[in-house]
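Shared between the two complexes below is chain A, which pairs with chain B and chain C, respectively.
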Partner chain A sequence: MRIDNLNDMNRNYIFLTIVMLVLAAGTLFLTTSDEPKQIAPEELLQEIIQPSRYVTTDQVAKMIIQGDPSLLMVDVRPEGEFEEYALPGSVNVPLENLLDEENLSYFGVPGVKVVFVSNDDIRADQTWVLTKRLGYKGTYVLKGGINCWMQTIIDPLPPNEDAPKSEFEAYAFRRGAQIYFTGAATLAPDGENVQVQVRRREKTNVAAGGC
Partner chain B sequence: MHIHEINPWRTLIAVAIFVVILLIGFLTMPKPLLNYEKSMNESVDALLMSEDYVYPWELEEIIADKPDSIVIFDIRDNFVFGQGHIPGAENLSANTLTFPENIERLKALKEMGTTIILYGEDELQANGPWLFFHQVGFDNMKLLLGGYKYYNEHKDDLYSTMDDDAYYSGFPKFDYADMAAPKEGSELFSDSENKPVEVRRRKKSNIAAGGC
Partner chain C sequence: MGPLIPNGIIGEGWDFVIAILLGIAFGFILEASGFSSSRNLAGVFYGYNFVVLRVFFTALIVAMVGLMYFDYVGWLDLSQIFILPTYLTPMIVGGVIMGFGFVIGGYCPGTSFTGIAIGKLDAIFFTVGLFVGIFLFSLTYPLFEGFFDSGYLGNVTLTELTGIPAPWFAFAFTFVALAAFWGTMLIEKRVRKNMKQYKF
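Up next is the complex of A and B:
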């Protein structure tokens, strides 16, 4: 009788153990993907429908001229096009290489404004959506892209005579910027690509030296 | 005397209740309205070879035939929509896209196998939402190239835009390297009437945004 009871107990405990193991194994399937951390889809859509990510060529030109250290232009065109011509100081991250570890480390640096650049703004905008899905903050899109850069900064058209004063001011700025970006370049030998100081996000496992 | 020795089934009953509670918990877990159905890598690949576009000249037939299998959504503001839109288009302003009822509506259309065409003022405006819905599994969503602006300029003869490439995005319109080449220094000092750029001075940005 007593032995029967013991057997019953053992059987129950074994059963209990199996159930727990099955449940534990089940939790492994709760997170099936090894995808990087991402923001919720609803949150992403909310971000997308706000137009606050667009910056104008004037704004970017101003930042370059002023040597704004917080500006990092990320050119998402293919490598070949980037080598032919690129905005001064920009780095190349073709869309197909966007998810490379070293390219992702450009984003999310505190205090750095990443501006995506493409021929127009479509591809840059798409890259923005993808990086936003990964939760990176401080990313922007150059409205109009390099095509617009050419039209407004490299070869600006004078406004009509009856245009508002602000347009003349914009034109005056653009003429100055034009000289800066085309004329001033003659001072640099060969127009050689200047070595760009790039800030990458540091790996967090490095112990920060506290002072 | 241990409690199990009184009733050996006691553990079993406890475990059964435990499992039932867990199951109920899982089954009633609130399901999110939207889920990413493309991984990041798939999203990049899909973008690089996407063909989910509608060309302006394709609208000619869609407007004329009004097929049930196609729904056109105008994501501009209601006010602008009222001033003019593509015939047969429905207004679905971008700022209402996140409303659950609108997402349910889009889901219902998807299940019926309906093709959804999105357009905004220009291609850029609808580009973000279009890409977003592709990432959450709406493979039936297409983007109108050129947007409303291009359509409106050519609505009288959409077929003739078949040979036009002005609405294609992503291509350089100029020879950048040549255009931005140094101008022999002559530009540097020639134009004295234009003030040189004022650098390193923080002031209110009164520069009018360019028309791009």
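Up next is the complex of A and C:
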């Protein structure tokens, strides 16, 4: 009886061993597609018709001034234009070189908002669609691009006298930002060196009570 | 389709619920495999009981080969799976320490809890030691910090390091595991013959 059981057990083991070997060998014949991973067209369409990818020049200016470490501006214009003028702290990835491996490594970092910058928002939008197709999250487009940046931050126009209060507040902010980005050149001679402020939690003095 | 939570098929709040259910299932399997007995567990080092090797190797190769098929039929996107970052030397040293702890204490962390669940005194003793160890490590962490973060290789897989496609590794690993099953069965038989008595 005991020996019968052992034989049964051995037969089961032999059977399972063969099944496992066949299954494992089967994985060798699975063809993996070399196509890059991309999202479904329906999903891409949904993303494209939503305006949520746009960030305004005001938002970006505020983040630069505050030294927000989660902001990464990627300038997709050609190198020559980038050298002529660029937003402080932005990196240059010309659209032609977008798919280079070292450039792709900028995207998809958790907690980092990548904002694409171009002269208007067309090139940036094109870049954004490509990164979306590649499945990267956390990419945005600077609404209006450098042109809008010039109009709103570098050279803001005062609103009409009957404009709503929010516009005056925006104007006040833009004036401040203007000083920061242009007039403050003497204070911060190199625009690339935006100081990142590290906010630390204040230490509480545990032994302060004298007990 | 999968992974289910990152792709939004299951809401993010469910991950703890799923973790608890998986934990219960894991504990149940550990106990059902006899892993709450330190004699069973330590047997792998003395050659009289290789149940640890068999259970873990079985889980490993079934999951590994299964996931490759899941990936192939599109149920699970393996490229989205989290891969633990590799810190080479600290991991080797950690493995050696873990091995010593295992052979001396007769438990690994997970199994010590299943041991407690059925009231084993040695498991309770082991778990107290476990927490003391964690506490001491936390206190002395600044001393080890440099070493702890050394040898960082990123979230690499063997396929990325060597360029050999994953199925070859899977097949080789399965082969080694199955060979180990049969090999250890022979060792077990020979060692047990010389044992006067063996209780679980």
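Worth a mention:
Here is the rule we use: the second predicted complex is superposed on the first by the 154 of 211 C-alpha atoms of A that agree within 3 Å, B and C clash if a C-alpha of one lies under 4 Å from a C-alpha of the other, contacts with A are read in each partner's own complex, and residues count from 1 in each chain.
Simple rule for what comes next: a contact is a pair of C-beta atoms (placed from the backbone, for glycine too) under 8 Å apart; a residue touches a chain by one contact, two chains touch by 3 or more.
Keep in mind the model is a prediction, meaning the values are calculated, not measured.
Contact with neither chain B nor chain C is seen for A:Ile39 once the two complexes are overlaid on the shared chain.
More residues of chain A are touched by B (comparison of chain B with chain C).
Within the superposed three-chain model, A:Gln66 lies in touch with chain B and out of touch with chain C [touch as defined at top]. By the touch criterion defined above, A:Ala25 lies against chain C but remains apart from chain B after alignment on the C-alpha atoms of chain A. When the two structures are aligned on the shared chain, A:Thr152 is found in touch with chain B, with no touch to chain C. In the superposition on chain A, contact is made by A:Asp125 with chain B only, not with chain C.
When the shared chain is aligned, chain B and chain C each come close enough to touch A:Tyr13. In the overlay built on the shared chain, the residue A:Glu81 is in contact with chain B alone; chain C does not reach it.
Residue contacts after overlaying the shared chain place A:Glu96 against chain B, while chain C stays out of touching range. On chain A, the surface patch touched by chain B in one complex and by chain C in the other comprises residues 13, 23.
Put simply, chain A touches chain B in their complex at residues 5, 8-9, 12-13, 15-16, 19, 23, 33, 35-36, 38, 40-42, 44-46, 48-49, 56-59, 62, 65-67, 81, 84-85, 95-96, 98-99, 118-123, 125-126, 128-130, 133-134, 143-144, 146-148, 150-152, 154-155, 164, 166-167, 169-170, 172-173, 175-186, 191.
On the side of chain A, the complex with chain C involves touching residues 13, 17, 20-21, 23-28, 30, 32, 37. Here chain B touches chain A in the complex through residues 2, 4-5, 8, 11-12, 15, 19, 22, 32-36, 39-41, 43-44, 47-48, 94-95, 97-98, 123-124, 127-129, 131-132, 135-136, 169-174, 176-177, 179-185, 187-188, 191, 194-200, 205-210, 212, going by the rule given at the top. By the touch criterion stated above, chain C contacts chain A in their complex at residues 61-62, 65, 68-69, 72, 77, 79, 165-168, 170-171, 174-175, 178, 181-182.
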